[in-house]
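Everything on this sheet refers to the single structure shown next.
Each chain carries a letter (A, B, C, D and E) given by its place in the written order, and its residues are counted from 1.
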Amino acid sequence: ADHQIGALFPLSGPNATYGDIFMSGADLAVDHINADELLSGELSLRYEDSQALPQRAVVGMTKLVNVDQVPYVLSAFTGVSKAISTLAQRNQVVAVNGGGVGPDLAQLGEYFWNVIPLANLEVRGLVPYLVEEEGLKNVVLIYVDDPLGQAIRTELETELPTVGGTLVDALSVPTTAQQFSGIAAKVRAAEPDAVYIASYGAQQLQIVKQLRDNGVDAQLVTYSGYSVSEALALPESEGLIYTTQSVDYDSDDPVTKRFVDDYTAKYGRAPTAYNVNYYNAVRLFGLLAHALEDKGQAVTGANLLAERMATDSFDLVGGTVSFQDDGTLVAPIQINIVTDGAGQPVATVDVAD
Amino acid sequence: MTDRVVLEGRGLVVGYGGRPIITGLDIALLENEVLCLIGHNGAGKSTLLKTLFGLLRPSAGEVRVDDAPVDDAEPRALVAKGLAMVPEGRSVFPSLTVGETLRMAMWATGLPRHEQRVRIEWVLDILPAITEFLHRRAGTLSGGQQQMVSIGRALLSRPRILLLDEPSIGLAPKLFQDLLQPIRQLQKTDGLSILLVEQNVREALKISDRVVVMKSGAMIWEGVPSDLEDNRKLMELY
Amino acid sequence: MLWLQLAITGLQVGALYALTAVGFSLIFGCTRIFHFAHGATFVLAAYVFYYVESQGYGTAAGVLAASVAAVGFGVLMDRLVYAPIQRHEGSFFTVFVASFGIGIAVQNLVGMVFGRSFVTVTTPLSRSVEVLDGVYVSPLAWIAVACAGVFFLGLWFFLRRTNLGTGLRALADNPELIRVFGLSPRLLSTYAFALGSFLVVPAAVITGATAGLNPALGHHVMLISLAATIVGGIGSIGGALVAGFGLGLAESLALLQFDSQWTEAVTFAILFLFILLRPSGLFGRAATS
Amino acid sequence: MTMNGARNAGETLLEIRHLEKRFGGVKAVADVTMDLRAGIVTTLVGPNGAGKTTLFNLITGHLPRSGGSVRWLGRDIGGLKPYQIARLGIARTFQDLRLFSEMTVEENILTVMEPNALPFRLSGPPLKERRARAGHVLERTGLADKRAVRAMDLAYAERKFLSLARIMATDARLWLLDEPASGLDPHSYELFLALLREEVSAGVTVCIIEHNLDIVIGISDRIAFLDHGRLLADDDPKTVLEDPALAAIYFGDRS
Amino acid sequence: MEAYLLNLGVLISLYAILAVTLNFIMGYAGIYSLAHAVFFGTGAYAGASVALNFSASIFVMVPTAMLCAAALSLLLALPALRVRGEYFVAASLGLQVLAVTVFAEWKAVTGGIGGLIGIPPVDIAGFEIYSPGSFFILSLVTLAAVVAITRLLVRSSFGRSLKAIRDSESAALAFGKNIALIKTTSVVISAALAAIAGSLYAAYMSFINVESFMLDTSVLIMAMVIIGGTGTQLGPIVGAALLLILPGALSYLSFLPQTEIGSIQQILYGLGMAVLMIFRPGGIVGRGRAETGEGEA
């Protein structure tokens, strides 16, 4: 039978760039699964526009669950994921996140899975490097006032003191803010060694540019949301430090190789972690559904969950991985510095606990 | 008064939203005459005036000036042909000062600047009361004061043809007389033709050369004022 | 020194607000059209400038193109959207809803054409220099304030001293009477839109260089313009200017006390209080019956 | 009590003392002292801008006073809100009518009989009675067959009559009429006068602003003359009309 | 498909309640509020908080929501009494923006941007209503009740007072209308009824956050009223249906490229709004013959 799964991505609005990136990974996986005839029928992906906004996502999720009746939904963004998790649990539909990094995404119930290491890992990997290797002790945080930003704030508050750093000030900005010259003034007044920026989309670029324009010359630091080409290409990004999950693109493992080759061929650029994650999310469905079909079981959310629990490990891009009990994958964290408009890895930290 | 027709409506049919108010009416204003148009409330007098001035478009018939049809029957074109109108009610811009109102009216005439100043002086001569409130916003004037401004403004373009819609409404009797006198004077000296709509028949007839009575969108009587002097005739018509 | 820095920042932001607000105030004051798509004009002008400039045609060409786009859009809105609605005697709110709809459409169209991500006009003028100890001002801030002053004086002179200006003010009172005077209210309305739309260009260009652009920028700009128009007093261009600066300052200085999420609320609390306590605005006339 | 010449008037309804209103520098009403007595028709005349409408606005509370006092049956009504003054029994019309233009003719009448502000009836006659009374008023003003027409769709004269009908439907004892007959054709204002006479003989007290001398002469018991906000005369019609000074500023040449 | 229609039916009914209640003050009292989403939101947050912390019974949740919104609506009544026209619109807009900030920042109650998660379904005498089918019936019945209430009010002497104030405040004053009281009452009633829609919405979606109660929503509700026909009984309901079906229908334009579909939907939606206004400025239902006073509530 043919299979359909859903995806809640921002297809319009200020975060639409992410939608494009996520889609490219997911679509490639669908191509591969169909080419391999991994499933008995054709696999297709139904997109709903979330605009990265929780409420819109809930409307889209309702439609995917009730009308399209998909068993499996790709999710992104912390706020969106938290909002739809109730519907996922209530309707026994699996939701898989490959972009949102709020640490509370690990606690959204058994139907909510993450194929991305969450921000607690990113912060835990970064903070010792920052304080101990670079000697940047006093940090000011600028964070978007949403679940992601709040999560990062909490992480920094707990992690910094453990290695002798201080969170000097935490300045929140509303999700729609565009004007940060005032914020820059407050940052300067706090005289930090480093400024951690926890935002995403167009806003994080605006923050970086306006900080630099308004006389802030402290080290800028951020998390994986910055790993999009337009952000790295911004002249003001030069020298910025950001974390991502670490993926070994040069691995000889056939899944990774095929992904990297085909991705580069199809889109004319090298893949990033986000592409990997959504490729993996779709591939995971393919593997689980394939196993269910083999056993003659229906491909429902409940069966997919049961099958995942029963499976030890999966061959995904980046290697063979296994899920933790809370439905989350872990990966090593890599620290990058922006040089000449691209990220250069400077360190890799294994933070799994 | 001459026999030359300066403004004419031929076979006019006018209405609002499909409902005809004026049903096939002919009217002619002669050079240098005061033609008084009277009739019941709702007879269609204001509607007729608006049509002649291009504010409303007739569904049939035509408006002619100097015996030639007006193609572009917008007020703008008619003003250029020497028409001016004082509409019913308070027709001033409340937030402009009286001076600005007059200047704006001048602007519409497209005259050169020095000529404009002369014109304004001229109007202030005719209506000296305006001078007192030249710098006040028209909105704070009383009804009568506004009416004065409205008439003064219409005279600014030195029209050949003046359409007046019930100028007496809300005016003190003395003031109304005072207003009519200079207009009457202009008619004599400048050869102005006037189409006057009035409810205040007694005062209006004093200065009119000819009277037309309208009823339900049609003309029912035409004659000279003396014929109406005897009130019974008038009562009959109403 | 933080307060001084914030005050200067507030002045720069305020100058941009003042410019857009004066344009909106002019259009609204003269035509009573609630031109919510004024925000869209802003975005359009900013992106056109960005595009032309980034193609290497230079700043002057960019400003010219942005002006053409802004004026063209404003005039088209007037002719194609508002004129038909007014012909059917649509109310204030009919116009508002139509305008809001166009605003949504333009925002998304800009996103499709120019890309939805953040872009910025790069110029050394946006770099702040330290003028006092710890106080930074970018050259663009001076330019913004100067623009606001120059444009305002020009507009003020125009409205008070020229016939067209008087005509625009008359338009606000009674369009039908304009016809009786032998003028065309439609033409005057077009002038109001052309002029009001043109006034966003300097603000749009400067914003492109300081804050950077994204298609959703119009919304906030519009809200602020509206607030400034009301706080300044409807029909008072000077009021809009002062209020624009005032709101910029308030928004910036509010950071001394509040987190930045509250700054917009501060602006609108000021608006709300103004309406309650001084309904006619700073320089306007009575708003109550 | 009759119109024209009844000097044996009843109690004083309204006492106006040293009333004053300034608009910026302009004194629209200056030191006006006069009484309105039951059964008397007072006509308020005077040049445009004399302050007549302003005087009405001061009485009904639509404008705040700058000085002086107004008493209704001995009680100072200075600080009251317009709706409270209306409920005391003072009703008015407006120079520019201010009909409830999007409501039907009948609703215009009904609503003035229903001052209570609650979604349910607390006092006053039931709807059936109110409608009967509205019907009666509309009958008398010649609007009976227009009862379901919106006020804005009425012809000019009909609007004027509706404005009168609206005030007739109230229980007010004092009517303040601001140029109620202006612009009416002779036929209509005859009708209008007849109606007004009936009401006066039925007991309402009227103060009317009017410029049309035919009407002024046809109706007044007293004429109060206002100029530049000052009360220049307040006397019987003959005396006022024949005063040469007043003729020079107001009445003009009446030949 | 059926689920889709039922879901749409629920949303249409709930938005129709909002449109009908806005029309009550807009069409009859002339109070053009751009803050209706505030009362929708107040109802939703109040209802959700009660359901999350106390009881999901409709008889507890809905009245609490109504009370909260009614109390808050006094803030809207304040400018309504002082100013009219554009000034009031601006005041209501100010209130809307302030409310959005509060909704987004008062995290203890509203959950901030993250919203309130896991709101339990409504409970009517022990029955949990959450399936689209049964919820559709619930929302339809509620809509009918709200329509009946407003209809009764509009046709009573209270309705006439409202319309009189709308047409001429000074004349209404001159005929003894206590404008302050009447306007306040109408605003309070409208807000309280809108809060019903809010609390049901929260229960139905099981998740709410500030996005549902922003300026866009207020404008959307206003557009529903205007597109349907201001001051008519049926108009707001037709308007609500149309404006919710439109984007739904647009999502079936499946030939469009996936990456652009969101933008194209939004563009068509915005243009649709404008085009409707250009061609039907008086609304689809249009103002029929003014209804005569009948019945006393």
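Just so it is clear, a residue touches a chain if its C-beta (ideal position, glycine included) is under 8 Å from a C-beta of that chain, and two chains touch if they have at least 3 such contacts.
Source: prediction; values computed, not measured.
Participant: Once the contact rule is applied, which chains count as partners of both chain C and chain D?
Facilitator: Touches both chain C and chain D: B, E.
Participant: Among the chains in this structure, which pair is joined by the largest number of C-beta pairs in contact?
Facilitator: C-E
Participant: Most remote chain relative to chain C, going by C-alpha centroids?
Facilitator: Here the answer is chain D, farthest from chain C.
Participant: Taking the mean of the CA coordinates per chain, how far is chain A from chain E in Å?
Facilitator: 37
Participant: Could you give the separation in Å between the centres of chain A and chain D, each centre being the mean of its C-alpha atoms?
Facilitator: Measuring from centre to centre gives 76 Å for this pair.
Participant: Between chain B and chain E, what is the gap in Å from one C-alpha centre to the other?
Facilitator: Comparing mean C-alpha positions, chain E is 51 Å from chain B.
Participant: Two or more other chains in contact with one residue: find those residues in chain E.
Facilitator: Residue numbers touching two or more other chains: 104-105, 170, 260, 263, 266.
Participant: Hunt down the residues of chain B that sit against at least two other chains at once, touch-wise.
Facilitator: Correct list: empty.
Participant: Give me the residue numbers in chain C that touch at least two other chains, ranges are fine.
Facilitator: Within chain C, residues 108, 111, 116, 261, 264 contact more than one other chain.
Participant: For this structure, give each pair of chains that are touching.
Facilitator: Result of the pairwise touch check is A-C, A-E, B-C, B-D, C-E, D-E.
Participant: Enumerate the contact residues on chain C facing chain B in the complex.
Facilitator: Touch list, chain C to chain B: 163, 166-167, 169-170, 172-174, 176-177, 179-184, 235, 285.
Participant: Report the residues of chain D in contact with chain E in the complex, numbered from low to high.
Facilitator: 60, 62, 81-83, 86-87, 91-92, 94, 98-104, 106-107, 110-112, 114-121, 126-127, 131, 148, 150, 166, 170
Participant: Taking the complex as given, what residues does chain A use to touch chain C?
Facilitator: On the chain A side, the touching residues are 12-14, 16-17, 145, 171-174, 176-183, 185-186, 188-189, 201-203, 205-206, 209-210, 213-215, 230, 234-235.
Participant: Chain E touches which residues of chain C in the complex?
Facilitator: 28, 32, 34, 81, 84-85, 88-109, 111-112, 116, 223, 226-227, 230, 234, 261-262, 264-265, 267-269, 271-272, 275-276, 279, 287-289
Participant: Across the complex, what residues on chain E touch chain C?
Facilitator: Residues of chain E touching chain C: 32, 78-79, 82-91, 93-95, 97-98, 101-102, 104-105, 169-170, 215, 219, 222-223, 226-227, 230, 260, 263-264, 266-274, 277-278, 281-282.
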